[in-house]
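Okay, handing you the structure first.
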Amino acid sequence: MIDNGLLVQMILGALLGLSVYLPMAAGQLSLATPAFYAVGGTLAALLSTHGSSQSTISLWAVLGEMLLAAGLTAGLALLVGLPVLRLRGIYLAIATIALVEMVRVAILNLPFTGGAAGIFGIPQPFQKPFGYVLFSGGLLAVCGWLFQRLEASRLVRSMAAIRDDELASRCMGIHTTRVKLTAFVASAVLAGITGVIAAHYLNTWNARQGSFDVAITTLAFVILGGSRSWLGPVLGGLLLTALPELLRPVGDLRLVLFGLVILLGPVFFPQGLITPTLLERLGRWKP
Amino acid sequence: MTITATATPLLELRQISRQFGGLHALSEVSFQVKEGEIFGLIGPNGAGKTTLFNLLSGVTPASSGTIHWRGQAMQGLSPDRHNRLGIARTFQNLRLFTGLSVLENVLVALHRQPQGNGLDALLNSPRFQRHQSALRERALQLLDELGLVDQAHRQASGLAYGDRRRLEIARALATAPALLLLDEPAAGMNPREKEQLCELLAQLRQRHQLTLVVIEHHVSLLMQLCQRLAVLDFGRLIAVGIPEQIQRDPRVIEAYLGSSR
Amino acid sequence: MDTLLQTLLNGAASGGVYALVALGYTLIFSVLGVINFAQGALFSLGGYLTYLLLGGKIGVNGALPGWGLPIALPFWLALLLAALGSGVVGLLVERIAFAPLRRRGAEPLLSLITSLGAGVVLVNLLQLLMGAEGYAFPQGAAGLAHLPDSLLLGGARIRTIQVLLLAISALAVASLSLWLERSRSGKAMRAVAEDPTTATLLGINSVAVVRLAFLLSGMLAGLGGGLIGMSVSLAGPYFGISYGLKGLAVLVLGGLGSVPGAIVGGLVMGLAEALISSAASGWRDALAFAILFAVLVLRPSGLLGRRQLEKV
């Protein structure tokens, strides 16, 4: 069944789903999340193993790493986002894929990141998975609260408008560049701090953590869950991470499953599982 | 409201040209729009009217020539900058935010009103709540003026065609413009509805201190609504003046091939 | 240490393969305006099909270890059939990932996602069938056995297989260009690419043209995969994905929708990679993406592409 270890992975999946969702909520198909996830994880791996070979690390140190990762990914996202977000549709998606690959190869080739094997023996802030469950679960809860609170804010409303029609949004005076950039940076920061947690949880970290595969799986979370509300990618992330583990025999077919979700989802379930109608019934959607 | 004879026109086009590759969409168009007037822009299909609106709203840059807003030249500004300077528009092919409700379409355009910052939103502070209710009030007011308040919570995509056109106007008004560009606002309307639209536009101009530029290619509507008209044909300005003059202008009649009614 | 000539030839040879992949993208992009993200997977498929048709056997990690086709075809036939096989699967991808969305009038960006899914499914099925390990092609593949291993050209030794690679891809590119230019169906395809509405009015069956584009595109990818398999090896089913992504870089570099752009872009990319490979091989993979990124940011229309304007 679902043990704490799986639960942690599910929550991390949900967090990554949220990261992919953010630019989409502003109409941008950005697949850059794995790049920032990789940056965060690598930073944590490097900082915590540098010079010392202890197996434990204080929670405060981890929080410090998260802060640094947030700063680093935010800076990177600002740098990259400004030119990239001028691109539309296909071009943006391709540019973000290129970014992911560049980051992956960079991490693979930099002398201090351990090459293909990566970095081992990353110290743990918690002795048991349950600690991670609480920690990452807490982060997820905070994110959820933030998203819910900001639904009525000008920022989120502008994002929804840009998603529907960017040109009309601009003609109505909305600072579309600023809004898109905010979503992109927020997405990057979320991916980065998730990477920090993941690096500690997994105990090892290498370049493959930030590969194209991750882009596929996280995209599947959003497709399945639905991209009209933040609940969608959370549900998608939880479900799709749990499913292959629960259906043990299917384990090998995990990626085939994700592929099928991405292939058939838009055709049969264009709105994903969490549809606006469903939300309306749940009383959360304010039409 | 009378048309004040100010020295500087609100809007002035000087030798505006726009080419797309080999296609001359606009060629050396020059005219002025005075503050407070209702100005019509007519011409057969393909004459360049919407292109002109695209230039005025910053969607596309001019190939040559200048646009002057309140005496200042506007060059290479973004559409959102154009809007914040006071120019709002509707679209010929309707560009509503279809995933949003009627109310939200207007709310999102109320950027001139104070909204509080993100922190206020997070804490749901009293100040935030006050701003939110002020916003809603203003939005509902605008919807009421355009007869849409009963449908405030409907999704924009579910509206009837005529209502959608009016929602676009409400949304544009929410940006508190000085100049409102209306691209074929009467499209698809029967004569009775066109009458009502004329009355509505005159009222809106009064109440919101607006200047209007209206594109139509059915001339009769504009004859009763507008103080002055400009006529485009194949990207060139062929006439500008009061409706009576335009009606009798032989070049205009020719451009419409006798269908100037 | 490879001589400059060898390096350039390597570059041209791999450039030829990149051009094939990019041309595949170009065909579909010009008639549909979308990118087929399954292209890389079809590349892998072509590689494996060629392997099997040459008489190769499935390895120990595959679903049926030791199994193989009871035939061993000459290399040119194996390539042809493998290409056809990939083309047919390409048609299947069109049926499942593109057609339903087009019928619904959905956003074109969605088919980017569904084709991505199709590619993932295909590659992972290949992995299940063939295993994840690398495959070296049967030594002395029929028809190649009697060719010398390397040739002496201008005082330098060059691997024969590279020359063959270049020759075959050049042949494929030339035939495609000729077909587009001269044949009835080729002209029909160009018409649909130029203006789909007018093309339909002129009686051109655009559905058939779209399907043809997918067939040819799949064939080009399959051929590329087979050629790479022959000249290098198959480094696991994901090797096609890597070529697919680089093919995208070439596509953007040359300009979306431009046939000569895909060819020129392919050669440029191949040569650039070969030159950097001798200097800093680890970073070679990043080069394609760095170029892609730079082009997108600085000149999205690429070297020879056309600018796209939004209608208001």
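Per-chain numbering from 1; labels A, B and C assigned in written order.
Here is the rule we use: a contact is a pair of C-beta atoms (placed from the backbone, for glycine too) under 8 Å apart; a residue touches a chain by one contact, two chains touch by 3 or more.
It should be emphasised that the depicted structure is a prediction, and the values quoted were computed from it without experimental measurement.
Engineer: Treating chain C as absent, figure out whether the rest stays one piece or breaks into groups, and list them.
Structural biologist: Excluding chain C but keeping the rest fixed, the chains that touch end up as one piece.
Engineer: Going by the contact definition above, tell me which chain pair has the most C-beta pairs touching.
Structural biologist: Here the largest contact count links A-C.
Engineer: Taking each chain's centre as the average of its Cα atoms, which chain lies closest to the overall Cα centroid?
Structural biologist: A
Engineer: I'd like the Å distance between the centres of chain A and chain C, where a centre is the mean of that chain's Cα atoms.
Structural biologist: 31
Engineer: Taking each chain's centre as the mean position of its Cα atoms, how many Å separate chain B from chain C?
Structural biologist: 50
Engineer: Using CA atom averages as chain centres, what separation in Å is found between chain A and chain B?
Structural biologist: That gives a centre separation of 41 Å.
Engineer: Would you please write down the residue numbers of chain C that are in contact with two or more other chains?
Structural biologist: Touching at least two other chains: 312.
Engineer: Send over the residues of chain A in touch with two or more other chains.
Structural biologist: Touching at least two other chains: 167.
Engineer: Specify, in ascending order, the residues of chain B that touch 2 or more different other chains.
Structural biologist: Correct list: 59, 91.
Engineer: Show which residues of chain B lie in contact with chain A when the two form their complex.
Structural biologist: Residues 57-59, 78-80, 82-84, 88-89, 91, 95-101, 104-105, 107-109, 111-112, 115, 118, 121-122, 124, 132, 153-155, 171-172, 174-175 of chain B touch chain A in their complex.
Engineer: What does chain A use to touch chain B in their complex?
Structural biologist: Contacts found on chain A: 146, 149-150, 152-155, 157-158, 160-161, 163-165, 167-176, 228, 287.
Engineer: What part of chain A is in contact with chain C in the complex they form?
Structural biologist: Touch list, chain A to chain C: 29, 83-84, 87, 89-91, 93-95, 97-99, 101-102, 105-106, 108-109, 167, 212, 216, 219-220, 223, 252-253, 255-256, 258-267, 270.
Engineer: Residue numbers of chain C touching chain A in their complex, please.
Structural biologist: 34-35, 96-97, 100-101, 104, 106, 108-110, 112-114, 116-122, 124-125, 128, 241, 245, 248-249, 252, 282-283, 285-286, 289-290, 292-293, 296-297, 300, 310, 312
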